[in-house]
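Pasting a structure below so you can have a look.
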Amino acid sequence: MKYIDEFRDGDTARLLAGLIHKEVSPDRNYRLMEFCGGHTHAIFRFGIVDLMPENVRFVHGPGCPVCVLPAGRIEAAIRLAESSDIILCTYADLMRVPAGKKDSLHKARARGADIRMIYSATDALAIAQANPERQVVFFAIGFETTTPPTAAVIRIAAAMALTNFTVFCNHVLTPPAMAHILASGEASIDGILGPSHVSTIIGSQAYADCCAQYRMPLVIAGFEPVDVIQSTLLLIRQINEGIHRVENQYTRAVSASGNRKAKALMDEIFELRPRFEWRGLGELPDSALAIRHTYAAFDAEKRFHMAPVTTTDIKGCICPAVLRGVSNPDECKLFGTVCTPEEPKGACMVSSEGACAAYYSYGRFRAEVTS
Amino acid sequence: MKYIDEFRDGDTARLLAGLIHKEVSPDRNYRLMEFCGGHTHAIFRFGIVDLMPENVRFVHGPGCPVCVLPAGRIEAAIRLAESSDIILCTYADLMRVPAGKKDSLHKARARGADIRMIYSATDALAIAQANPERQVVFFAIGFETTTPPTAAVIRIAAAMALTNFTVFCNHVLTPPAMAHILASGEASIDGILGPSHVSTIIGSQAYADCCAQYRMPLVIAGFEPVDVIQSTLLLIRQINEGIHRVENQYTRAVSASGNRKAKALMDEIFELRPRFEWRGLGELPDSALAIRHTYAAFDAEKRFHMAPVTTTDIKGCICPAVLRGVSNPDECKLFGTVCTPEEPKGACMVSSEGACAAYYSYGRFRAEVTS
Amino acid sequence: MCLAVPARVEALDEATAMAVVSLDGIRKEVSTQLLEQVAIGDYVLIHVGFALERIDPVEAAKTLALFAELRAMDGNA
Amino acid sequence: MCLAVPARVEALDEATAMAVVSLDGIRKEVSTQLLEQVAIGDYVLIHVGFALERIDPVEAAKTLALFAELRAMDGNA
Amino acid sequence: MNNPDFKHGVIEMAHGSGGRTSATLIESLFVRHFDNPLLQQGNDQAAFAVTSGRMVITTDAHVVSPLFFPGGDIGSLSVHGTINDVAMAGAQPLYLSAAFILEEGFPLAELERIVISMARASRETGIPVVTGDTKVVERGKGDGVFITTTGIGVIPDGIHISGHLARPGDAIILSGYIGDHGTAILSSREGLEFGTTITSDSAALHTLVAAMIEVAPDIRCLRDPTRGGLATTLNELARQSGVGMHIEEAAIPLRAEVRGACELLGLDPLYMANEGKLVCIVPQQSAGRLLARMHHHPLARQAAIIGHVTSDERNLVVMQTGFGGMRVVDWLAGEQLPRIC
Amino acid sequence: MNNPDFKHGVIEMAHGSGGRTSATLIESLFVRHFDNPLLQQGNDQAAFAVTSGRMVITTDAHVVSPLFFPGGDIGSLSVHGTINDVAMAGAQPLYLSAAFILEEGFPLAELERIVISMARASRETGIPVVTGDTKVVERGKGDGVFITTTGIGVIPDGIHISGHLARPGDAIILSGYIGDHGTAILSSREGLEFGTTITSDSAALHTLVAAMIEVAPDIRCLRDPTRGGLATTLNELARQSGVGMHIEEAAIPLRAEVRGACELLGLDPLYMANEGKLVCIVPQQSAGRLLARMHHHPLARQAAIIGHVTSDERNLVVMQTGFGGMRVVDWLAGEQLPRIC
């Protein structure tokens, strides 16, 4: 597969890893936050850790859209789906994410709610057109990558004057989350592997302020293993040189300014939410999007007067700390015993991008495997 | 079973049959119309024909509510069920009755229409209460026996101010049908076994005018085999004596004036339809009931603007002649070959009260059986 | 037409105009709202979940007496 | 996060802003409405049924050239 | 891996995925309750030794509604029903397989209740469930639980029982009261509920059959009159054997309650389903001996000779009514539904 | 009695009533197409002769959606799937039973198409459908057609194949490309449609197995990696045998299209279903000979040794990735669903 296989080449990876081994200074640690779940996934799926020197450590970040969605938002969607005769459309990734009290969308569906898994935002639109007598709600989640498609379908729905289609908007923004992590200082990191596909939309410039303010090296890194290793090398070089700038390893897809058309579309449909709660990070100002007043007819929160739902934290689950880069999944007491991919207790065990799921599926017995 | 077993006693039957054999005059025929399908059913199920002299012949009448409902009314119900999102409730008896073009309610249900079989009119009401967001239509059929229960549920629905319950009224009246048969003279009959359960409601007096006008002996006969045979004897006696009056064999349940409370209830809810089409008998004036204006909110024909549907007759089916007592089922070319209870072509092959079904199930090979 | 069976009234609820009737061990709830009067022990004709009419025990007895007479005559013959 | 795969544009319908893309023999319809320009033969990143961005072949070649250089150096070493 | 929550949990799509969630359900429910070494091996099939001879295989999908009814449930029924079809060849049942099609959202507590009932039936009959399968369908694409059981068994030497072997003159024996199962199901069906003490006759008939062939190895036909009832079974046998049948209504064991329910709903007991009865066709000379033996078996105390086979070329089943007349007893046409006229 | 209208008709409740409508459907559809003397006897079970030895029984409920997919349909699948589970014991399949659960309203034309396909698969494999059952459920309580097939077969003398027999050092052989069936199903699933030339690999593997045990009677385990895919099957075998496994990603036959579809949807080919592949565990010394023989069979041209059994007490399956790293290949967790992140 063009533009995939080249970046999964083991020889290239080993050569780049060799440079890393050569260039790291043995008397210090390199704590690098892979911001995205996509990086986490690649690191485990391809066994990248095995190629790294001892003192290069990956720290997981909050860049998994499923993981950072607070349980209350899922609970709100479940209540909506169970209280009225609506069709709730959602990406499959969300189905098993724990809401309050051991609940989840897929449990609600098993109980009888009409919840449909879709592959594309346009599928939700098609379902609305095929069921004119029913209200169809698209449970939209995701960072800036997934937001433009949602914006596109809202604009189409408006053009078609659909009256049975709304969006429960949960789109969040990457830079504010990054700024929050850096501001807190909790994670004590030395550099950041920056988002790849988010950056195709928002562009590499988007991180400039944040990096400058917190004097943090950042390399926008593709999701293929060679991308990750090369980006790691670039980060180590910045750290060794004591500089901090936004570097772009993923030049084949990311430009400085991003996708202008997509950004304009997002801007037309969405506006900033004053505050939004993130799982693990708490309420962050200006960190998420809401549907603009002009498109209020397509806002499920308004149409259905959805009240905010607060849920209590899952006892023992340290997802919040994992998402802030403070703890590793295997530090969680529930990991692998009470909490497994079959019965996830926290969101990080659900998505294959979640740090806990990645640890469980690929890394759990790493010690034994490699010994 | 009290009041059943005594009237199924074979010895009593044979004694009464013996009297018939003794009393018939050998030089004439006795053509007796069993008005009701219930009598037809009893005659075949218990093998009453075997007990009768050669010259006592039973002629089938139109007293099967399923058989006399014209195909257009069923077609109209199917169209309603398929065009809107209603729940159509009906007695199971109607499910397989042929509408136009090989269609039937049970075929419409298989195609996806929401058609529910109910046992009691009150079940339809319960379904309406359980499905407040759906319109529930009760497809009501039947003679005066089945009409008071329909009236009762309409009155309850009105008291509860239900807005999602209506009745597609197809209730018909016995005396006008009887008068029509006698007026036409086609069937050339010598006496009538009168309705049993219809008469519990309308009383024996209801037939007085008709009998007088057409000088026709009539005996109201219970549906058990001994009832039928005793009534046959009573008819033969009237015929032999050359008299014609309304006689009541079914005194344990039928009074002269019938059930006043039920009649009053019917009168409150229903009014006469100026004309109504009967399968086989054509359009008869003042022969059916419509829901009164006061209860128009519960009239499905009004609520859904149901247009009259005319269907073409089934080619070859002589149901109309069978229902008028003019032909026997085995005179139909389709009988037992093209038309069977599995794939009925005409209504008379559906209900176990239908003359064709009775012939088929019990009488088809009578010749061979008794030989 | 009009399937109706005689069943014995076992219990009555005047408030709801409902009765429990029994037929050889089968018990069923039916409406009594079409009847002017009904008492426990009465036999009523059941049709589509409604009691249509009471069976008149005196009239039934008369009919049965006639049959009995017939049988007696036959036995003597 | 944000699964996106590079696929080749095989057909374009400007009227509907839809394209057919292919990925090793798999063909899929996607929306191109987020792209300013796109041509047949382009590789685009596909995410939830939308083409997010074109892959810049020149930039990709540069990166790959760097890797090739590395390998060449290693071969010589 | 945590066990499923059998108290509050429901069936989820993942239970049918084939992955660890499926495996856990199978272990903690099916293997645990069906508890036998063949199933415990955990293969996709069960292997067992046989000696040479004749074997039978039969299968039945069980889709009963409601799932729980007076006297049984879909679980016990699916064991009895298939054992009976094995037994109706005169065979000794050996093993059962069970395939479950579960609807998303079905309560695990109910499923466990069904499996426990099935396991009890299996234990009581001595016929283990040695292999199985579990699939889950989306909500609205199933009806709680469907269970397809398949049974195999061995036919003793010298036994040749088949529906085509009835001969004119043979006696027709019925093992007991008809219509109990159909009545029990109707009594608990939504919208039709009526009170009755009637319970389903669901039972495994293999020990009865074993006793029968011991005294009457010349039995020609055995069949359990399930769906379609006695009437349909007799018609099937008449057609298969190219014969007619003559039966006596008065000889057919029928409970008053079943008759009452049928009168009330306009149904005919001859068409009501049975799940623990059999029809046996046997040469007249063996009928008396056989009947006497049957009366000693708890499942055939009311067994009766209800008629005989005739040479009718039209393969009619005719019945002398209790009233004294004659009627044809036809196949069930369409479905048997409660009627008002 | 008129035949059902196979052109325009649909399944009605009466088709499952057990009465004449049922009988007519069975005669004109199942008996006609499956066409074999055992089924024609019209009994509720089929009887056949066996010689002494070991037999197997297996059952599978088939609930595939869509019913028709590139390269097959539920009919052929239900024949192949069960034959394969018989064959995976090293057994020669003998007979199949088939139980149908039909949804009211299902077009008879589609049902006939399915039955014809099933009959063809049965003919081509030489394994007749000798007994069956048909039930009809109300509209909305099924999903068109479910087919449960049960198969029985005989194990040749001297063959002992079971999932618990893998030993450290044994070779792991895979018979060909993985993920074809899963990809074909996904490509035709509503809302997910994508274009591909991939067709299901649905096939009966019994002749392959017969050829394999001829050259390698010491085969330890055979299993078809169906639901849950190769990853789950290896984990099952590892757990059953109390061993670990080591496999090489590069050695696993995988079509580019399947890999493409998986990349596009965020799926892992190791978890994709197969319906015409097998995993074989065999002592190393027999592996080469066995592989050579497999390559001569049309269903195993791409057979490959993909790894070996280890003595891992945690029963882990680990994989050397094509990239060079190591990863644990776990059981499938939950369902495998297309994902966006």
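Here the chain labels run A, B, C, D, E and F in written order, and each chain numbers its own residues starting at 1.
Rule of thumb we're sticking to: a contact is a pair of C-beta atoms (placed from the backbone, for glycine too) under 8 Å apart; a residue touches a chain by one contact, two chains touch by 3 or more.
In this text, all values refer to a predicted model and were calculated from it rather than measured experimentally.
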Exercise for review: Moving only to chains each one touches, count the minimum steps from subunit B until you reach subunit D.
Suggested key: 2
Practice item. Identify the chains in contact with subunit C as well as subunit F, in label order. Key: B, E
Review point. Taking each chain's centre as the mean of its Cα atoms, which chain lies farthest from subunit A?
Key: C
Check your understanding: What is the chain whose Cα centroid lies farthest from the Cα centroid of subunit E?
Key -> D
Review point. If you tally the C-beta contacts for B-F and for C-E, which one comes out higher?
Key: C-E
Point to revise | subunit C and subunit D: spacing of chain centres that average the CA atoms, whole Å | key: 84
Study note, to complete from the structure: When centres are defined as mean Cα positions, the distance from subunit A to subunit E in whole Å is 56
Study note, to complete from the structure: Whole-angstrom distance, CA centroid of subunit A to CA centroid of subunit F, is 37
Revision key, fill the gap. Going by residue number, subunit D touches two or more other chains at 1-3, 5, 23-24, 47-48
Exercise for review: Scan subunit F for residues touching two or more other chains and write them down.
Suggested key: 13-14, 19-21, 256, 259-260, 263, 266, 330, 333-334, 339-341
Exercise for review: Two or more other chains in contact with one residue: find those residues in subunit A.
Suggested key: 1, 4, 9, 37-38, 64-65, 91, 119, 123, 142, 146, 340, 342, 353
Study note, to complete from the structure: Which chains touch? The pairs are A-D, A-E, A-F, B-C, B-E, B-F, C-E, D-F, E-F
**Study point:** Of subunit D, residues touching subunit F in the complex
**Key:** 1-3, 5, 7, 20, 23-28, 46-48
Revision key, fill the gap. Subunit F partner, complex, touching residues on subunit A are 1, 4, 8-10, 13-14, 37-38, 44-48, 50-51, 64-66, 91-93, 95-96, 117-119, 123, 126, 142, 146, 225, 340-342, 351-353, 360-366, 368-370
Practice item. State the interface residues of subunit F toward subunit E in the complex, per the touch definition above. Key: 13-14, 16-23, 41-63, 65, 85-86, 88-89, 91, 95, 97-101, 130-135, 137-138, 140-143, 146, 148, 150-152, 155, 162-164, 223-224, 226-229, 232, 235-236, 240, 271, 273, 330-336
Revision key, fill the gap. Residue set of subunit E touching subunit A in the complex reads 1-2, 10-14, 19-21, 24, 104-105, 139
Practice item. Can you check the complex and tell me which residues of subunit D touch subunit A? Key: 1-6, 8, 23-24, 31, 33-36, 43, 45, 47-50, 52-53, 55-57, 59-60, 62-64, 67, 70-71, 74
